[in-house]
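Below you'll find the structure I mean.
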Amino acid sequence: MIDKTVSSVADAVAGIHDGATVMIGGFGRAGQPVELINALIEQGASGLTIVNNNAGNGDVGLAALLAKGHVKKIICSFPRQSDSWVFDGLYREGKIELELVPQGNLAERIRAAGAGIGGFYSPTAVGTPLAEGKESRVFDGREYLLELPIKADFALVSGYRADRWGNIAYRETARNFGPIMATAAETTIVQVDEIVELGALDPEAIVTPGIFVNRVVAVGERRWLRNGEFVGGVNLEGEAL
Amino acid sequence: MIDKTVSSVADAVAGIHDGATVMIGGFGRAGQPVELINALIEQGASGLTIVNNNAGNGDVGLAALLAKGHVKKIICSFPRQSDSWVFDGLYREGKIELELVPQGNLAERIRAAGAGIGGFYSPTAVGTPLAEGKESRVFDGREYLLELPIKADFALVSGYRADRWGNIAYRETARNFGPIMATAAETTIVQVDEIVELGALDPEAIVTPGIFVNRVVAVGERRWLRNGEFVGGVNLEGEAL
Amino acid sequence: MSTGISREQLAARIAQDIPEGSYVNLGIGAPTLVADFLPQGREVILHTENGMLGMGPSPEPDRVDPDLINAGKQAVTALPGTAYFHHADSFAMMRGGHLDVCVLGAFQVAENGDLANWSTGGPGAIPAIGGAMDLAIGAKSVYVMTDLLTKNGESKLVTSCTYPLTGARCVARVYTDRAIFDVTPDGFAVTEIFGETTFADLLELTGLQLKDATQR
Amino acid sequence: MSTGISREQLAARIAQDIPEGSYVNLGIGAPTLVADFLPQGREVILHTENGMLGMGPSPEPDRVDPDLINAGKQAVTALPGTAYFHHADSFAMMRGGHLDVCVLGAFQVAENGDLANWSTGGPGAIPAIGGAMDLAIGAKSVYVMTDLLTKNGESKLVTSCTYPLTGARCVARVYTDRAIFDVTPDGFAVTEIFGETTFADLLELTGLQLKDATQR
């Protein structure tokens, strides 16, 4: 019987090695797999290259991983935010390397890695400083830049519900980078609120089929839901009001 | 108020001009927008370039359009089937042009058109006769071929349910090429079983958001469903047993 | 020389120009305000880069849903008809030319439509680009919403941008607190002037050759 | 010289080699049979190119669902855990290297793993490729299921393909009615011989240099 579920977040992040490239889902805090990130901090792998849209918020999750000094390099589109003080400090001290990628190129390069595309011509960033060093080519009278896939050793993703085959359903805008990152990593690890019976997920709404998923771990229902119903009563950080 | 619904299939296919490139969804008969194709035959546009996975089955739908002599060229991956006699005859008589594209390249080229990609490097067909005349390039030790987007003037798609914003849900493997074709055409026209109230579709299972859809027409419930429940009692052609 | 209209007035003015049925992305910051001024009953579908079409207004404080945010990471709501999708699909909408309008902020806009809005190129600055470059090249109409002048009184409309570009020749129109400027093959054309500002004021404030295309 | 095993026996033999938990695509025609011989209780997830993972067996005749078909356009069923997706996503699974195994038919397989299975290059033939080229380059292990000989008694295993290729150097193993051949850097290695066929028979039937790697 196929069973991709593991019983703890520690088991879920086992084997992530020093120097690994790790994609981490989420846009800001939404869809950020905080429990998996905390387990990764605990696990201790260092010298990591992280792929995320941002570079951490506040002092939790990705920001906490950065604060530990476990991250060598970050590939992202939007590091600077009102609550990105951890990254800001490391960057100003020269303690972290940054590869800045426009968000659409970031998403499409991740998808390309998962889809077996060798490279693609993107309309974004033509004529800007981010075009420097990139091959340019005109198709149909319009200029494009050659972009290459971004692959990873591991992806940490936050889904909503999963089954034992590793099928994943997401919730609202917490979906964001999860589905594409799941396709682009050697080993994809997903945290969800709960594991449901095989067949309980709507087959029309499984956004990440289990073929892309290696391990699934349940972390309990998010604080703003009760038995799957939205009940509110939290702030944007997910803390009780 | 936004209302993309039109009241007849004739209205739905209005304006398709002679010489247009028309993408038609479907894989074999599944997801083939037969009512829209019939309306297109009636409407009379000719000299068409058709993009479809196949080249028609039996004497209905796409095959009927071919039989009318309205199609100049077909871009597809798998024309030859047990029931593709209409295409076979036209092809042998030299009355139709064929551009044969491996199915994965067909799908990815359509997606690229919808996603604004200028071109991409595909791993498929390297070392085969279909690589002739294509640019080849090595990334990371592997050879790829440059593939260009396929755009269309119109897309005819068969969905399951829609709302007045043009959001589309699909059913099972009838989804196939519909969602990507909807993104790649100037004007996307979708037939569905029924138009439901705005908000009635599960926002997690809307596969084609309305931004890609221009016109929606309801054609009535498919014969093998009753009030949305599968009841069977038909053969693969959808005819009552 | 009079001062211009308020940010809210400007947002309302921009909202007037967005036709019913448009698919619109409002950039982080001031452009977000435009949503509050869309005329009652006019349906406009808002896109947010983080995977949603059909974005609604802010929720009540006790109904904040951390899974439901906009590009600025603010809490939003979902209208009936909302659809969710992943990031590659969201940016395919932008880059594939499916959005009708985007409204962006700016540091500088040049006469040829070049836009600079992501970096002032300063040495200590931490760069951040997000989705701005994708929006700039992808939306059918790129509108800029900005004050005409910087805090130091310099014109944001320039002959050519000195800051790093977000996109080349991409801006269609600039809505400022003083006037509306269309980007034309011959440079900026002023189509509307706000308050007591005069065309002569605009010439002086920008130092540019401007065409007077106002209907007065 | 004995004849080989039946098509069903061969399908059963291939099924033995597919481990639990594999993601498998079975090509149109004979390879489809493999599904019927997967050992009871072994979970293998079947992919069909037209947008489904979790494909189940054929339905009863009165339960045929025209919306639920496989790549061969035959009626199928959906197992609990099935997921549907569109064509670009389906082929991303193939081309991105996510399928563990595919089983394809063949006209010819060459010693270097080249596969020809889509066209005999005849002048009157109507070409059709479908998803074969994508599967050939995409699956982690490409297995071929075929009779060793054509109807005319010619070997389908060849020094180099004379028919147009489907994929270059892509085949890992060829399951035939006479024997199983692994593709190795030194050509075909026979790992298992069926029935009363001998290694000498295989040398004669194929006319190739073969390595005897049987464990007998």
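As written, the chain order gives the labels A, B, C and D, with residue 1 at the start of each chain.
Going forward, a contact is a pair of C-beta atoms (placed from the backbone, for glycine too) under 8 Å apart; a residue touches a chain by one contact, two chains touch by 3 or more.
Please read all numbers here as calculations on a predicted model, not as lab measurements.
Visitor: Relative to chain B, which chain's C-alpha centre is the most remote?
Guide: Chain centre farthest from chain B's centre: C.
Visitor: Centroid from C-alpha atoms only, then distance chain A to chain B, rounded to Å. What do you get?
Guide: Here the centre of chain B sits 33 Å away from the centre of chain A.
Visitor: Which integer distance in Å separates the CA centroid of chain B from that of chain D?
Guide: About 28 Å, centre to centre.
Visitor: Find the geometric centre of each of chain C and chain D from their Cα atoms only, then give the gap between the two centres in Å, rounded to an integer.
Guide: It comes to 55 Å between the two C-alpha centres.
Visitor: List, in ascending order, every residue of chain C touching at least 2 other chains.
Guide: Residues 78, 84-85, 88, 91-92, 94-95, 138 of chain C each touch two or more of the other chains.
Visitor: Out of chain B, which residues touch more than one other chain, so two or more?
Guide: 108, 111, 115-117, 122-123, 170-172, 203-204, 207
Visitor: What are all the chain pairs that meet the touch criterion?
Guide: A-B, A-C, A-D, B-C, B-D
Visitor: Within the complex, which stretch of chain B touches chain D?
Guide: By the definition above, chain B touches chain D via 27-31, 53, 57, 77-81, 87-88, 91-92, 98, 100-108, 110-111, 122-130, 170-180, 207, 222, 224, 230, 232-238, 241.
Visitor: Once bound in the complex, which stretches of chain D touch chain B?
Guide: 48-52, 59, 61-69, 73-75, 78, 84-88, 90-92, 94-95, 114, 119, 124, 126-134, 137-138, 164-169
Visitor: How about chain A: which of its residues touch chain D in the complex?
Guide: Interface residues on chain A, with respect to chain D: 1-2, 111, 113-117, 163, 165, 167, 183, 197-199, 201, 203-204, 206, 209-212.
Visitor: Within their complex, state which residues of chain D touch chain A.
Guide: Touching chain A: residues 20-21, 23, 41, 43, 45, 47, 53-54, 78-85, 88, 91-99, 138 of chain D.
Visitor: Name, in rising order, each residue of chain B that touches chain A in their complex.
Guide: Checking each residue of chain B against chain A gives 108, 112, 115-123, 137, 139-140, 142, 144, 148, 169-172, 202-205, 207.
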